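Got a structure for you, written out below as structure tokens; questions coming shortly.
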Amino acid sequence: MTGARKLQGDKLSEAEAIERAKQGDAEAFEALYHLHKRRVYSLCLRMTANTAAAEDLTQEAFLQLFRKIATFRGESAFSTWLHRMAVNVVLMQLRKKGLAVVPLEETFESEEETSKKEPGADDVRLTGSIDRLQLKRAIDDLPQGYRTIFLLHDVEGYEHNEIATLVGCSIGNSKSQLHKARMKLRELLKTSKAEKAAKP
Amino acid sequence: MSRSLRTVSVAVLSVVVLAAVASSQVRKEFHYQVHRRASVSIFNEYGPISVKPASGHQVIVVAILHSDKVEVDQNHGGNRVAVSSHLLAGADPESGRVDYEVWVPVNASVVLHSATGPIHAEKLHGDIILEGNTADVDVRDLSDGHVHVKTLKGPVTLTNVSEGHVEITSVSGDVALNSVNGPFVQVNSTTGNIRYDGDFGESGEYSLMTHTGNIDATTPSYASIDVYAHSEQGKVENDFLLEPSHTSFAARAGSAFAGTVGKAASSVKLLSFSGRIHLKKR
Amino acid sequence: MSCEEFQRILPELEDTYSLEQEQHLKTCSHCSALVADLNAIAREALLLADIEEPSPRVWNRIEIALRQEGLIRSAQPAAPTLRKARWNPIWLVPVAAIFLVIFGLLLYQRGGVEPQTAHVLHSTPLPSLPEGVSAEQAELLKVVAAQTPSLRASYESEFRAVNAYIRDAELAVRRNPNDQISQQYLTNAYEQRAMVYEMAMDHGLQ
């Protein structure tokens, strides 16, 4: 750990660390891990909403990356390559567990209609006042399929055509689910805000 | 009588079948206005892509989708146009096929990817990147830009490419360069054969390298080259009378020749690990 | 345009609106509040990208696995740049400079061999590549076959070809460590294999 911090302190470049990692340099592996661990772990944690599962998936994503590092040619960003690998690891895990990666259209429309009728929530505006902690909780409360699309697009920055390929749905479906995820988050945040305002 | 009836029946049946096939195809056309140095990328898993120059500052994409198992996604931001085929569940190489015809400004940067191809580009001056797996790649009448081609086993043919920076990487596809010259021309192959037919330009670095493929370079007697050819395990042949060059000719296993022709304007390296090399005089 | 019409097409719009849609937003407070809220959520979400930190045990487990799989190799005779990074340059600048000069002289005598290439070929036992494909390549071929069965045989033959290239190139470099052409063959061979990996992974990830 100390060595890696020193390397980071001396600004070992990512390119240098990659080349050394290809030679089996332990400190280079560690440096690369520390450079990218937060992004990968944050992705895994938000997708699974479970710390233990997120740690396992983070470990698996980095191991897959390090096994294949000799093939990295540098033509795309290393972080993009790693990130894509991490997303695939998470999606495979979700599929193994039988969790819907993309929700069925019919299942959630009735829930949305019910939530829209909640008294007081419609009057609350969100603009300029989104609490990050509340947003994180609301994301955790999203159904799995909505959460996956929302995280991939709005948090991780994937385009709809990339999401459609990763998740195995159509582009139109990806756009529709993202919109529904945002609408659901809007309702959850408004409810939370209204509850907070109502407390003495 | 029966024969002519049979002929008519076959003709009618053919028309019906063709109509049925055509009716399941969908044609989409997209037009984009762009400025100078536009960037255009087409990503297509199955099917051909052909790119030609357009008049004015516009990009036109015509896509023919062969079934409803594939959709076309297009993205236009500022000077960048990106079109990609997206396969839906159940798509295969037939149903997932999209045929693209694209027209771009002559100076546009172009990136084309098709696993099966064929891929064709002509009469452009911008940078071009072409990628395929088994796709036939055919590029002609380009100048001044970078041309990068990557393929696994599709044959690659470049014709009349001048003043270009050319890099071709092919694992097992054959590579043919006809009248290709420029400051930098490099071909790397594992098992594909490499054929060059041209005069190697007036100055430039040419490197044709393969593991087991053969290299045949045909050049006129007036070519001006400093050539080094070597094969670890294969035969080398040379039709020219070479002047000895100044570079040290290190003794190593295999067969080799080295020397200059004319004023040695261009540097030419012909390297095959175990294939045959022949420098021919046209 | 009605609110119902606007909200029906809203999922497709992605921040670009027609004149009619913009007009509706200007005149309809309900839809403009909706759009503002959804945009605010998207903007705030961007800030969530990398703020969580995994526990130290994650790296510990990764390191153990890397050692077990032999991906971490025993310490090489350190290259001067690595050794330099370990030392405080203020205290050891003259020592590092002398070391660099000596190393540079050694390089000059060897005729310009890349230090990393020399280390790979002389200090590390060469990995013995199998006749066909490696275990890792076989795994990747399974993934490709799952997505596109028709391409499996093609990728397998490409892997065999590039593996054979690497074998021959490594032998050539072992025979002539200072020979630039042999080194060029090896570099090309690795690049070719990396390209096959990249294309196979693209297919496997689809």
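Should a chain be cited, it is by its letter among A, B and C, assigned in written order, with residues numbered from 1 in that chain.
Assume a residue touches a chain if its C-beta (ideal position, glycine included) is under 8 Å from a C-beta of that chain, and two chains touch if they have at least 3 such contacts.
Bear in mind the structure is a predicted one, so any value in this text is a computation, not a measurement.
Put simply, the chain closest to the centre of the protein, by Cα centroids, is C.
Distance from subunit C peaks, on a Cα-centroid basis, for B. Distance from the subunit A centre to the subunit C centre is 20 Å, each centre being the mean of its Cα atoms.
Centroids of subunit B and subunit C (each the mean of its C-alpha atoms) stand 26 Å apart.
Computed from the mean C-alpha positions, the centre of subunit A lies at a distance of 39 Å from the centre of subunit B.
The set of subunit A residues that touch two or more partner chains comprises 165. The set of subunit C residues touching two or more other chains comprises 191, 195, 206. Of all the residues in subunit A, the ones that touch subunit B in their complex are 159-161, 164-165, 168, 170-172.
For subunit B in complex with subunit A, the residues that touch the partner chain are 71, 73, 75, 84, 86, 88-89. Touching subunit B in their complex are the following residues of subunit C: 150-151, 154-155, 157-158, 161-162, 164-165, 168-169, 172, 175-176, 179, 181, 184-185, 188-189, 191-192, 195-196, 199, 203, 206. By the touch rule above, subunit A contacts subunit C in their complex via residues 1, 3, 6-7, 10, 12, 19-20, 23-26, 29-30, 33-34, 37-39, 41-42, 45-46, 54-55, 58-59, 62-63, 66-68, 70-73, 75, 84, 88, 125-128, 130, 132, 135-136, 139, 150, 154-157, 165-166, 175-176, 178-179, 182-183, 185-186, 189.
If you check the complex, the residues on subunit B that touch subunit C are 45, 87, 93, 115, 131, 133-134, 150, 152-153, 169, 171-172, 188, 190-191, 209, 211-212, 230, 232, 250, 252-253, 271, 273-274.
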